[in-house]
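Next up, some structures in structure tokens.
Two complexes follow with chain A in common, the first pairing it with chain B and the second with chain C.
Here is the complex of A and B:
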């Protein structure tokens, strides 16, 4: 699971709607990828980022990103380190924890398992 | 032909063996890639626009996702089969993947994705795999959640294999009831083999439906334009008395046949200077 994915994820069990992020992170193994810096991508993703999530996972992985300010958009170094964190840092083993319901989602072989059990599924949608 | 959906639930059907077989079959790769490219084309993202974040629904081993990577975007994929996702890792796809049953909706924040594609996956939602599964409800959860995780103005293009008209109706109405506009687009509607169903969904209003491929008329025009010069003679022949003047196995007969096959969406070798030439003696 890339840091990018973590930043976009949320626990969407019914009682967690709007409150299920940022997911807590436990990490026992991570790797570094080598995707090339993509300026367009960083520029597009910045307005969507949850900076609380960036801070939370950065602390867990001991990677610090300077706080985002308006000047950050013109700061190549900032954009590069942000891209690196989002797209090149990948958690291989660990878990995600919903800040609202405390549900734990395991991460194995780099793949988070977000499958819900039958009793966790909300099916009372309008039909 | 039996449908995988009738054989076993997706996470059982796409087990270790099947996932590897599926992902290394060159014919499958070719077909899935083509459909992925068509879906991407239908998203109508301007060529100058790169670096978006897209969602691949039922991403499997990442064959459809590779199309997104090639177009210069990031993607996140969801699939219910761990084995398929393991193959995606073996294939070293650039996208990021997670295990999720799309009938449970998507575990993302609102407005995350600039667009979504799905290739050959959502027909699975029409089946009840578990006793507590209700296909209609699962489709509603799926589309509501999809609408939610897309950025406003984003589109979703979902290619699927409906089993019958009732499934098309069930899928399309569910989507439209969840806030999407758009509808069904059928490429090559007159060909049993090449016919492909795409659900074209807009989160915005007043969007124009794209044009289907291989529909009589539209395709003909295109085809004619391309063969303008080559066809002058044939057209003249037709006026004089039609097909009768075209000798079987002649250059024109072959080209005509090829053209008909192309219209049906079949794969046909492009014409070359050797087309319809007399071959030398065989040794």
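Here is the complex of A and C:
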């Protein structure tokens, strides 16, 4: 799971709609990729980013990004380090935690498992 | 008028009233009887339908969302988890309609691929960011091996924030949902994560299957997969998938490629438990996947149920319906 993916995610539970993000992060293993910096790409995704989420995951990965300001868009160094964090850092093992219901979703082999159990989806159904 | 006449008159009236009431009661009873007959006939018809369906696909039409969930788990998800690696070796050529849709997105666009399978569409355009999801863990492992972003999630419960993405694709997935309502819910869930103005491309198999030289008579069918045991993920490490998937030298036409495996089988109507067959010296295990094939007008019915969506284009191509659906306004939760 790349950091950019985390920035788009939320808890899957209906009760957490609008409240289940940013997901808390635990990381025990991560890797660094080497994709080339893409200026247009990073410039265009900035309006969609949740800076609170970036702060939160950055802390866990010990990568600090300076606060975003109007001038940041012209700051090549800022954009490069932002791109690096979003697209080149990948969590391999760890977990995601909903800030609303505390549900823990595991990340294994780089893949978050966001699937709810049957009894979580159909908790009201008695058979 | 004398008192006698009056009382006679009123008793006449009473009689008349009584008669009327009787008639009314009779009518009501008759109505009830007809209704009962109708109900019985309907029940019988329903029962017959269920029996036919049961014979054909091996289970009854799901009567609740939970039942449908279980049907999909058993007859779709578990089957794909088993055949994922083999499936991957047959699915590598992109469908031009999907390819064009992804290539025309602007740099920095973000989207989701719901039911991404082996991740065929996750690496089409590197200037955009597509997150794939599939309910089958083995498919996401294959995607991850190819360095694509993928996660395990239910298409009806996507793990994303609302009103965020520019586009969504869901290619040959919606026909695996077992009720009309779940197909509506699947589209609704994709719309939820899109920005207003965002577009979904969703495709499904059609009842018209020219490649087979015949049309399906029924919409709900079991489609066999001839499974070669060399693709068993239980013994193999998932990383071996790359050996079979990177074979891009074979230039197979899209409509052949899509049905390469199924084409050899014409007995789609004989379902149920695992069986083995021998074909030109190779032993295959047969797995059956549940499909609800789409008829003309079916996407219109689905989108008709959704207030903040409209169809931009809906057409048939290579025996698949493809439908572009636009989100017209923000999601109301």
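To be clear about the criterion, the second predicted complex is superposed on the first by the 121 of 127 C-alpha atoms of A that agree within 3 Å, B and C clash if a C-alpha of one lies under 4 Å from a C-alpha of the other, contacts with A are read in each partner's own complex, and residues count from 1 in each chain.
By definition in this document, contacts are C-beta pairs under 8 Å (C-beta built on N, C-alpha and C of every residue); 3 or more make two chains touch, one makes a residue touch a chain.
Quick caveat, the model's predicted, so the values are computed rather than measured.
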Practice item. Record, for the superposition on chain A, whether partners chain B and chain C clash or fit. Key: clash
Exercise for review: Look at A:21 in the shared chain and tell me whether it touches chain B only, chain C only, both, or neither; answer first, second, both or neither.
Suggested key: both
Exercise for review: Would you sort A:114 into first (chain B), second (chain C), both or neither based on which partner it touches?
Suggested key: both
Exercise for review: Using the superposition on chain A described above, determine whether A:5 touches chain B (first), chain C (second), both, or neither.
Suggested key: both
Check your understanding: Can A:75 be said to touch chain B (first), chain C (second), both, or neither?
Key -> neither
Practice item. Once the two structures are superposed, pull the chain A residues common to the chain B and chain C interfaces. Key: 1-2, 4-5, 8-12, 21, 38, 40-45, 48, 50, 109-116, 118, 121-122, 125, 127
Point to revise | chain C contact footprint on chain A (complex, rising order) | key: 1-2, 4-5, 8-14, 17-18, 21, 33, 38, 40-45, 48, 50, 105, 109-116, 118, 121-122, 125, 127
Check your understanding: In the complex formed with chain A, which residues of chain B make contact?
Key -> 50-53, 72-74, 76, 78, 80, 82, 85-86, 89, 94, 96-101, 104-109, 111-112, 114, 130, 132, 134, 136-137, 140-141, 144-145, 151
Study note, to complete from the structure: chain A residues touching chain B in their complex are 1-2, 4-5, 8-12, 20-21, 35, 38-45, 48, 50, 87, 90, 109-116, 118, 121-123, 125-127
**Study point:** chain A partner contacts - residues on chain C that touch it in the complex
**Key:** 64-66, 69, 106-110, 127, 129, 131, 133, 135, 137, 140-141, 144, 147, 149-154, 157-162, 164-165, 333
